[in-house]
Amino acid sequence: MDPVQTKVALDTLWVVVTACLVFFMNAGFALLESGLCQAKNAVNILAKNFIVFAVSSLAFWTLGFGLMFGDGSPLVGMKGFFLSGADNSPAMADAYQGVFASLNWTGVPLAAKFFFQLVFAGTAATIVSGAVAERIKFLSFIAFSFFLVAFIYPVGGHWAWGGGWLGTAGFKDFAGSTVVHSIGGWAALTGVIILGPRLGKFGPGGKVNPIPGHNMGFATLGTLILWLGWFGFNPGSTMAADAALISTIALNTNMAAAAGCLAATAVAWLALGKPDLSMILNGTLAGLVAITAPCNIVTTTSSVIIGTLAGVLVVGAVLFFDRVKLDDPVGALSVHLVNGVFGTFAVGLFATDGGLFYGGGMALLLTQLKGIAAVGAFTAAASAIVWYGLKLSIGIRVAPEEEREGLDAGEHGMEAYAGLTSRASMNVAAANM
Amino acid sequence: MKKLEAIVRPHLLEEVKTALQEVGIVGMTVTEVKGFGRQKGHTETYRGSEYKVEFLPKVKIEVALGDEIVEQAVEAVLKTAKTGKFGDGKVFVSSLDEVVRIRTAERGESAL
Amino acid sequence: MKKLEAIVRPHLLEEVKTALQEVGIVGMTVTEVKGFGRQKGHTETYRGSEYKVEFLPKVKIEVALGDEIVEQAVEAVLKTAKTGKFGDGKVFVSSLDEVVRIRTAERGESAL
Amino acid sequence: MKKLEAIVRPHLLEEVKTALQEVGIVGMTVTEVKGFGRQKGHTETYRGSEYKVEFLPKVKIEVALGDEIVEQAVEAVLKTAKTGKFGDGKVFVSSLDEVVRIRTAERGESAL
Amino acid sequence: MDPVQTKVALDTLWVVVTACLVFFMNAGFALLESGLCQAKNAVNILAKNFIVFAVSSLAFWTLGFGLMFGDGSPLVGMKGFFLSGADNSPAMADAYQGVFASLNWTGVPLAAKFFFQLVFAGTAATIVSGAVAERIKFLSFIAFSFFLVAFIYPVGGHWAWGGGWLGTAGFKDFAGSTVVHSIGGWAALTGVIILGPRLGKFGPGGKVNPIPGHNMGFATLGTLILWLGWFGFNPGSTMAADAALISTIALNTNMAAAAGCLAATAVAWLALGKPDLSMILNGTLAGLVAITAPCNIVTTTSSVIIGTLAGVLVVGAVLFFDRVKLDDPVGALSVHLVNGVFGTFAVGLFATDGGLFYGGGMALLLTQLKGIAAVGAFTAAASAIVWYGLKLSIGIRVAPEEEREGLDAGEHGMEAYAGLTSRASMNVAAANM
Amino acid sequence: MDPVQTKVALDTLWVVVTACLVFFMNAGFALLESGLCQAKNAVNILAKNFIVFAVSSLAFWTLGFGLMFGDGSPLVGMKGFFLSGADNSPAMADAYQGVFASLNWTGVPLAAKFFFQLVFAGTAATIVSGAVAERIKFLSFIAFSFFLVAFIYPVGGHWAWGGGWLGTAGFKDFAGSTVVHSIGGWAALTGVIILGPRLGKFGPGGKVNPIPGHNMGFATLGTLILWLGWFGFNPGSTMAADAALISTIALNTNMAAAAGCLAATAVAWLALGKPDLSMILNGTLAGLVAITAPCNIVTTTSSVIIGTLAGVLVVGAVLFFDRVKLDDPVGALSVHLVNGVFGTFAVGLFATDGGLFYGGGMALLLTQLKGIAAVGAFTAAASAIVWYGLKLSIGIRVAPEEEREGLDAGEHGMEAYAGLTSRASMNVAAANM
């Protein structure tokens, strides 16, 4: 192996292994989101979170990847659908010749580039699943996910990462606080608004009725898997086996998560009386989302600060969304949207190169704000169009009767815990004797 | 003293409970049960094979109460547990020979 | 023949059972139930919103027994299920017209 | 009107149900219970320590029915729930003062 | 580090990391299979799926690896038991001197070769577990697993991968559609036939009584872990950090899985009325099994086609096995046997080098068929002998009484969810007061 | 990339990836420990096992790492708090200049060194969680974990790994049978003694009341995750992509686990009548803990022997601790303490270089004993001081009433399986209507 081949092999190993870690986040989301919902909807949420990656794979292969990274205009890529078109990866930089020039900074084969970017696209889609859970139609969710990954995410992503205008303007979002988490979050927010809250969630007089999750074991395992996955998400975004950078990023990522966890625990304990496990979990994720954009350009101490603020923010955000009657069963808005925005913003404050606190002035901060606003506006608008289109065509919400009974029976004709909860055992026993 | 047993739809439990409280009932005991009756269950499929869900979830509310409020209690249940569709459930009334409160060993109506 | 129903705290089941056995009772049937009454539940929070846990776990012990040992059985329950705090539960006694042992088709007291 | 309570082995539920339907009974309410009696449980071990499983799973079938079919219903249970081994269960019959169908407010036998 | 050492280090890293991913599939199978069975048998299935890898480790170390990869005849290897014998790995090709010449194409230390091949052997054994679940005796399963991994799998594997006659004949099974999945599948099939169906599964008049799985959360998580594990299974089978190849294989593997998922969902939805989650999961696995053999020599588009066909096949197969009264609680036959065969066959159709659709004529296809038939016939016959031997000696099926009560009580004297399901809580409460 | 950079990149990849595997062990412990406890305490255990890594991250960053690896005396390190101080990693050996000279044998960036060591520190803390479960106050556990990772673990670790007197004396503990597992075990033991047994665990007349775990699915998955994690724990402790060594260590680790599994199964089956799944799981972990110290310097056959002995030991230890009325709900003492000691001792017997059975005489064995005793005495004493300090200040045990009701309600005001177990469903239904 010559040095060039060695570097390609090393980088590819790193990219494929970290892509696997990010892929595994699908399991994390599936567990977290089903765990924080009710048992009667568990099959539905699991099915949604499972199939969404298959849908994303198809959508990103056919359209998304080309729109996002294919050569095109500052607004959208226009080449490379179905991974077709010229490409001499792993050749890099000026040596690269092909239709995905925006990815010429990483020296791995095209298939590896696609695979890595695909697992990120899948993450954006999976974020939506939790927020709209327990009332959305299965088919409509599949359809929305397809549109999100085929069109909306790629366009927003193109702006920041695919050679588009935002990237050119100096917008910094290393691993996707905005591109992945906020896009997912804004899409979720429009869904939550257009769907409306679950039956019985908000009582008269501003009363908020909690609907406790049915399996905190799943939720905790899910969050640990997500934490693990983030060691692929952030350090992997180097897309190169850069020893110093990946070590630092792994460290920063972990310290922000830990800080977010402890901060949310403390706030929940002091403000709400007890250390609510679901808040502890959300706090950790908040720290992780917030550090996603700045992880490569902030100090470890800044990472701890960013994580701490994220942990505080997320608890406040959960209470806020409840107050304004936006029903998000799993806290996806508080985690991904709020902290995706915050993390992107934090780049402008803490970046050692250009951040306000490091003498960089307001320039970077303003660019970050511009990016946050532009991506947010676009995603919200585009998502609203898709949600309304689905609402008017196939409908997006199950019937109240079905919602009360549970979507597992209505949408899937099955139960998550047959014979384990008392609901089913007799029927099953009866059927089998 | 009488015992009233009401078998009702689970999601109406809270309302029935409140109506019973308004009639002056302070205690009750609730059990998750499965009901079989005119209300037909639905069909579920699992891996291509169908099976019929015939036993439907209900809750049974048991109340021991003085003879004089039985009728009011029955009315309270009828008012709150009725949807008009098959499967609303039943009320059964029977007689109790004795009621004892364990905490105080009181007997009879004062134990209710 | 009588039927005794005792609603007691779950963690005292074993002791009540033993006391009933000492009175000569060999069989009983137990159900997990939820009780509502003077004993006030506690408040739980979930993601910042509170809700009240009003239905508390209890167990119901049902025993069919001969008339002559009803009083002893009631005493056995009172002795073992009492903590003196709200929520100790109740004992109900009612009459049975008939008891049949399925295994032997025996009827009446010999079926107990 | 009478109430028939049959405590039977869980896996025979379906057959008992069918036999009761053949006697003309259209509704019933079923509860998962634990039984204690002559049938001895088994011993389980967990990490080297043994414990006795004394409470065995049973189901309780409750049926409100007219006086005239009580005997047939008892026979139906005896026929289908019997295995001849300890633990087949019991049938209890008691009297009901009133039955109300919640959906229609019908009372008495027509509410069954 | 000189270039040779570097390559050894890179390849070893890749092999060990992917072996870990494949090892983790044990967790995937344990969850999938216990989730699709009843709560009363959960401890038993978990115990089987757990211990099977320990048994496999012992069996493969003492005997299996030598029979499979040791130098010997075209029919069986005869050297290298207990990993003994000469070996100068990581020396490769002609430089290799030792008793495992059939593995001289990969330049990693012998311990890494063994570890990687062991996790594959373990997979074959674990496939059987699900198919025979809910009625097999624990001890008999352990014994069968030992024979499978010590003798049957190694012999079939030797033919294709260990320098045996099939490999020499040009049979292509890159990562083991036949060697791992079909061998596991045929062994499972004979077990299913000899054991007979679970009590109550088939009613009079061809009636099929469904016995719903008790934990769809476990089943879903298990499938996601398996999907993840396949990124070790297929790309790892390069046994070298070959950047281009591992990237392509990862991509093909993923696209086949996604296609299988979506195809099975669609078929189940259209044909059976609702999108049954267990079918969605089985469809994904079907796509993964089918792409296992051809993943390195087909295009991405072909992978999508292969996955789609697999997803259709698996639904049909589940219905078929029910119709012919072969009781497979978790769909292992439909997934691993049917699609193991299909995937091996698909090589003959889609291989860009030699496939029928790529102008290669019938030669490769016929070789593939020969391999499918030979390995199938051998495995079925050998398995039948072992199953019957066990049946006549220690017995293979638990007593009907125990089956009705659940194997957890009978075989293990414990319960999976003590105090959670109502079954146990009182007894436990009683015991503790 | 020049050869030096290549080596740094390779080593860093290996260290970061294996650190991720070890990090994932947090999920393994959370599942194993919650699965082996009661449902009414599940939220509490999950919360403890989750937050402990966040606490460890903070404690190790601020203090622990400096005390353990910073330059200082033979007794304790005194530099490098908050990862500050000079450091020119990845420079190695004599080329290294900085305050962490004790880690100059590994050529990776400082952040990678820290991250890898952090996940080990976290493991020690998480071991305590299971042993003290179902009765400890949440806050006291958090406080103890902080002290453990900030002070106790680092001091013991400094002796063996951080340039301290034990390492200098020739004490061998490759991956931490003593440093990680025994330290965790001794800390747990003092906690168990000072806390006392759970209510109702021990009856009059020496009667032991079993309190069965509530989710054997979680316990099994947890153990499989731990087994996986150990492929990071042991092979990763090379902290270098040394092909031969990591392959051998992975193999030895696996064979010891398999042997421990089978030995414990056999012993439990023969001695206790049935193959108890919790013993099967504990046996595997026992094998893993025992092989942790010797994995790099024993043969594969020795590994099998060590694993077998560990599997036997663990069953005996579980019975022993019950007999002496030390209540350890999950078997943490039997697994980590007993086998941590045994594994360290086994080095003195089986080490091919210096072990008694390999003609090395008693020297190494005595050094090992000295290390076991010294670390044990120090950890037990220091832990006792912390436990008593907490007992006298904030209290360490929940009220009996709360213990009976479950810590989930008392400490967290929530339930693990709301609406799934019957306990909550009515209340939730009531709240929502």
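The chains carry the letters A, B, C, D, E and F, assigned in the order they are written, with residues numbered from 1 in each.
One rule holds for everything that comes next: a contact is a pair of C-beta atoms (placed from the backbone, for glycine too) under 8 Å apart; a residue touches a chain by one contact, two chains touch by 3 or more.
Computed from a predicted model, the values in this text were never measured in an experiment.
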Compare the contact pairs of B-E with each of D-E, D-F or C-F and report the one sharing over half of them by residue number.
-> D-F
Shared interface numbers for subunit E and subunit F above half of all numbers used, same, or below, different?
-> different
Mean-CA-position distance for subunit B and subunit A (Å) = 46
What whole-Å value do you get for the distance between subunit C and subunit E if each is reduced to the mean of its CA atoms?
-> 52
How many Å are there between the centre of subunit A and the centre of subunit E, using C-alpha atoms for each centre?
-> 32
Enumerate the residues of subunit D that touch no fewer than two other chains.
-> 11, 17, 30-32, 34, 44-46, 51, 55, 94-95
Multi-partner residues in subunit E (2 or more other chains touched) are 6, 10, 13, 17, 209-213, 215, 273-274, 276, 278, 413-415, 417-418, 420, 422, 424, 426, 428, 430-431, 433
Under the touch definition given earlier, write down the residues of subunit A that touch subunit C in their complex.
-> 208-213, 268, 272-274, 276, 278-279, 315, 318-319, 322, 331
For the subunit D and subunit B complex, residues of the former touching the latter | 3, 17, 26-31, 64, 94-103, 105, 111
Over in the complex, which subunit B residues touch subunit A? Could you list them?
-> 11, 32, 34, 41-46, 51-55, 57
Quick one: which bits of subunit F touch subunit C in the complex? Just the residue numbers, please.
-> 404, 409, 413-415, 418, 422-424, 426-428, 430-431
Residues on subunit C engaged by subunit A in the complex (per definition of touch) = 44-51
